[in-house]
Amino acid sequence: MGTQKLCVGIAGLGRMGKRHAINFHELTSRANVVAASTPDNNEREWAAENLQGVQIFDDYDEMLEKADLEAVVVASVTAVHAEQALKAIKKGLHVLCEKPLSIDVEVAQSVVSAYEESLKIYPQQKVMCAFSRRFDASYREAHERVEKGEFGSAVFFRSQTADLHDSSGFFVEYAKTSGGIFVDCSIHDIDLMLWFLGENRTIKSLQAVGVCAVHPGLEASNDRDNAIATVEFEGGKIAALYCSRMMAAGQEDTSEIICEKGSVRVNMQVRKNHVEFHDSQGARRELPQHYYERFREAFITEAYEFTACCLDNTPPPISLQSSVKAVCIGQALQRSVISGEKIYFDGRAIKN
Amino acid sequence: MGTQKLCVGIAGLGRMGKRHAINFHELTSRANVVAASTPDNNEREWAAENLQGVQIFDDYDEMLEKADLEAVVVASVTAVHAEQALKAIKKGLHVLCEKPLSIDVEVAQSVVSAYEESLKIYPQQKVMCAFSRRFDASYREAHERVEKGEFGSAVFFRSQTADLHDSSGFFVEYAKTSGGIFVDCSIHDIDLMLWFLGENRTIKSLQAVGVCAVHPGLEASNDRDNAIATVEFEGGKIAALYCSRMMAAGQEDTSEIICEKGSVRVNMQVRKNHVEFHDSQGARRELPQHYYERFREAFITEAYEFTACCLDNTPPPISLQSSVKAVCIGQALQRSVISGEKIYFDGRAIKN
Amino acid sequence: MGTQKLCVGIAGLGRMGKRHAINFHELTSRANVVAASTPDNNEREWAAENLQGVQIFDDYDEMLEKADLEAVVVASVTAVHAEQALKAIKKGLHVLCEKPLSIDVEVAQSVVSAYEESLKIYPQQKVMCAFSRRFDASYREAHERVEKGEFGSAVFFRSQTADLHDSSGFFVEYAKTSGGIFVDCSIHDIDLMLWFLGENRTIKSLQAVGVCAVHPGLEASNDRDNAIATVEFEGGKIAALYCSRMMAAGQEDTSEIICEKGSVRVNMQVRKNHVEFHDSQGARRELPQHYYERFREAFITEAYEFTACCLDNTPPPISLQSSVKAVCIGQALQRSVISGEKIYFDGRAIKN
Amino acid sequence: MGTQKLCVGIAGLGRMGKRHAINFHELTSRANVVAASTPDNNEREWAAENLQGVQIFDDYDEMLEKADLEAVVVASVTAVHAEQALKAIKKGLHVLCEKPLSIDVEVAQSVVSAYEESLKIYPQQKVMCAFSRRFDASYREAHERVEKGEFGSAVFFRSQTADLHDSSGFFVEYAKTSGGIFVDCSIHDIDLMLWFLGENRTIKSLQAVGVCAVHPGLEASNDRDNAIATVEFEGGKIAALYCSRMMAAGQEDTSEIICEKGSVRVNMQVRKNHVEFHDSQGARRELPQHYYERFREAFITEAYEFTACCLDNTPPPISLQSSVKAVCIGQALQRSVISGEKIYFDGRAIKN
């Protein structure tokens, strides 16, 4: 392992951008955050206080031009993920791009194409979509044990992303640009589904049904606040997904992989920590209140491993093509939940 | 409460028949088992030893004719459930019929019609299908708390019936007459779904996908060993079902009712008893190995409450019509899992 | 198995007496409750309504004299346990006596002596103290697995009986005659300790400390509402006990047997049933509110097995001598918790 | 918060020293590890590879003399903890000293005295003993909730430190200098006991019993491999401790604080991560295999907070005097477990 540190720029300092900045800046010993960009005044003020020694830009392009970067973390709003990623790719920079690459499959695919072209010039370049759950110690152990064949072949994958209820109207506003609950929320479960059942496995059919139970305003954006989907793969594998914006107790992101000779459950007894209270209400544990509370460690590992693959020229932990496939499936499910139609692929479309 | 005891006849002394016989004979203080019938020699021998003072018949019709019965428990093979129930109904006897009434909706509906006719003559007659899970203390508490509105309106119902893997070939043989995994296995989940989401609620659509993962022989009977379904109801409610014949650890029958302000989970930490082992494998609890190991108490309660409704002339705990609706849904799911088609109801068909 | 039923009389129809009466009367197919006695008017009224066909006496001696009994269940107040047991023993009746035999070791021992004498005349007579937890399916499985040596030799036994807080003053009143928290409450844990570590194992030392945290009135009766004890056995085995009258969530009776190669935990995730609630408080399960709610099944099994040992002339499931030893240990702990002294046995006293 | 970083030297690079070095070097953004010392060649080689830019010494005194230090982390063998801490204190350096300060109470107290003297010269100096469990998020939440009085006054504190069985003979060798299981292993539980029940609370009595169940060789060092203790405090509070070197499944460090109106349980469902396996053995989770696997995060927090108190001149998170009290209690328990005597304090000795 060399002594060189990876020079990183952070694009966007919103909720996730701040976290990436801190993680790369303070907790990733092999990386140096040298620059950050955001059009937002408050975010730049935050950076001035919290990212000492880091050059702050109000413009992404200017950062790319002036800062001495080897890698960029794209943590801006979803709408510019692809555009910013493409610009960095063209400059030969390593890119860690927040999920989803885009809510549009073609745009997402264009990032892959650009990366493939770029690799001819910069063969050591790494571009990766930030599917944080793949870096969670529990999901990793589950995947490793299933891959080893400890429980036989995987047959049924069940997963959910279920957010704490937010009565502020945030989700309704957010739905206008999020691409829909299957693209925004279930994208993690879709990514895990591909990881556990096979990224190259052909999909035969999928369908979804959903409702607006607590956020009727979502209808206007063709979105739902609770939805369930089934996906049927070639080779005798099936999956069921649930997504929700209505949880009362906290973030409940759970997965189950049922194999021929056993099953593996991740997060099914979701808990904030190791404390249990016994009082007049019974025995009680608390839950994480949001995604980051549960998966903070995974983000730190992600920062560490992305840095390592750049510095050591090893393959990125997640294939970029599979991230496009995840968007493609998310979009198809979103179409299905709105149209009510089951979608058959006949070996076309969502294949590789 | 009177001192009179209900005189009961048991039809069929197979696995379930034996259990019903013992439960009514020994553990239901207000009932007397006075007769039992079975065409099987071994079963009659068992009865001679275990059902003291009970008249044993090799023919159901003869039992109906000669024994002094007030009620019949139909626990024969599924194929004769409806026929035996109909005969008892016509004689004005109370009937507790094992599920399903029939694997054919029309036949099942004919039992309801016969009962409705018979009520004109025997207004105190009780006929009920034995959906044992409704008598389980945990399911009951869940239902009561949801009904009270403690967690707001129910939005999503998820449930599964998952049997221990049996490598003997039993399931393949059994599938020839079982009506399929959704009629045989998921019928409990369907019944619970109706109980929790509303027995009169109209279904908009349903669909299922499934595989033969460990019992390829099921293909020949148009059956599957793992399958998942989604059901969409009018009024903003959705459901997901999973059924399996492949569990490694034991019987895993779990349900989850996700409401607007909270959720209720039944059996999600399924366990045989209150013991946990810590050894070199980690911390471990064992699971019930079959349905009866988990639900024995529910069957005893069922016997007790069926007896009580007969003696006290109170309404049966489960409406017979809803049991037909369960068969109807099970059949539709079975059609869908085979054809691959999503089925839309447009307000027709599965309504009442 | 013969067809004969055991003719049982119930002495005392208080809280526990009623339960024994119902269990023997309605749920024990091989027993007939033919008589019951209680000096209490209300209890006799209850019996008239609930124990049909049973002869009711207001005097125990009269019941012994006039009723046609084979066995007696002594469920009266603790003060008369021994006296009533002795009378029944002298008549050659089988006796199931509620715990403790007596709060006085000599009195308790006198019952054993009387039984030993009586056996010379009635060699098939059964006398047993009702330690219900030994009949609980979970404790039994734990014991069986430990006995089999599955986890190596048992080293440390930890157990507690912890009652729901009762603000009515009941415990203070009750303490005047209960013999103290170690004789009344921990007696179950002491019995289990002997069962798991060896009924004949010599005790080297024991000591206890305790407090009156929520029931200061207990001081006057030389009692405590929370206390902890350690017991040291010959042969390298130790035990720790906790007893409490102050639990907020419910009855928390737990045990742990730590062996050389593993440990067995009983009831450590104590729960009322299989339901879990998720709401704004987190994820929550409820606890049994009292001893009987958790151990009802064990009492039914106890009734069944006591009946069986009487009818089939098999050894009683629990040795009467060990029940005296339990009282002896309980008394010593109660002395220690009050005096503050550690008690050493030097191979004397608590031996057999 | 200033931009200045704390210059830290690490004394000792054994198992714990390596961890402290990495945590301060890579994961504590406000600290710089500038030097490390160890007499061990292999450890210095490890440092050369893993602590880039850090000056490595083979002699502690030399490090103190030559390196430009503001703080020292003492992670050497227990025997030199006090000596090394004293030297650093005299130089006015901040000190984070691994537990225990010493296995001898007088020596431990001499560190406190030296620190008190030194404060007159260096009023901003911080000296703290590294009781890592106080930095664990779960223990912290438990403490905060109890301190707030959410469950009323604490009455009973129960805690254990139980190590995975090690058949290599390590514990026997280690016992020769460890001070005994109560000083080495239970010292954490004792520290937590003081934290939860009151650091200034007077102890009335304590006693312990123990056995050599799997490591008979411990007898020779007057040590035990399983032991239980009770401690009685003034003011109506009691505690029970268990320590073990014999766990089959992993590290089982659990605590329970039972208060008047509720209880808080930490780690009682000890688990390595969020994964559960269901297979033919039942439902199973794995346990952490050693202390650091469970408490790594706490060590990182400890490094962060020790650094912060030095840089920001805030009080150290743990009082040094309480760490001496912990040693004092540990020693008394060790005496008791060997002598078999209960120790009474009559308001003397273990008071402050």
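Points to keep in mind about this one:
Think of it as A, B, C and D in the order they're written, each chain with its own count starting at 1.
Heads up, the rule we're going with is that a contact is a pair of C-beta atoms (placed from the backbone, for glycine too) under 8 Å apart; a residue touches a chain by one contact, two chains touch by 3 or more.
On a predicted model such as this, the values are computed, not experimentally measured, just so you know.
The chains in contact with subunit B and with subunit D alike are A, C. Chain centre most remote from that of subunit A: C (centre = mean of CA atoms). Inter-chain spacing, taken between the CA centroids of subunit A and subunit C, is 57 Å.
For this pair, subunit A with subunit B, the centres built from the Cα atoms lie 42 Å apart. Mean C-alpha position of subunit B lies 38 Å from that of subunit C.
Looking at subunit C, residues 151, 247-249, 261-263, 268-270, 278-280 sit in touch with two or more other chains. By the touch rule above, subunit B contacts subunit A in their complex via residues 151, 153, 155-156, 158, 205, 207-214, 226-230, 232, 236-238, 240, 242, 244, 246-249, 258, 260-263, 268-269, 340-342, 344. Residues 3, 25-27, 29, 52, 136-138, 141-142, 145, 151, 261-270, 273-280 of subunit D are the ones touching subunit A in the complex.
Subunit B makes touch with subunit D in their complex at residues 247-250, 252, 269-272, 278-287.
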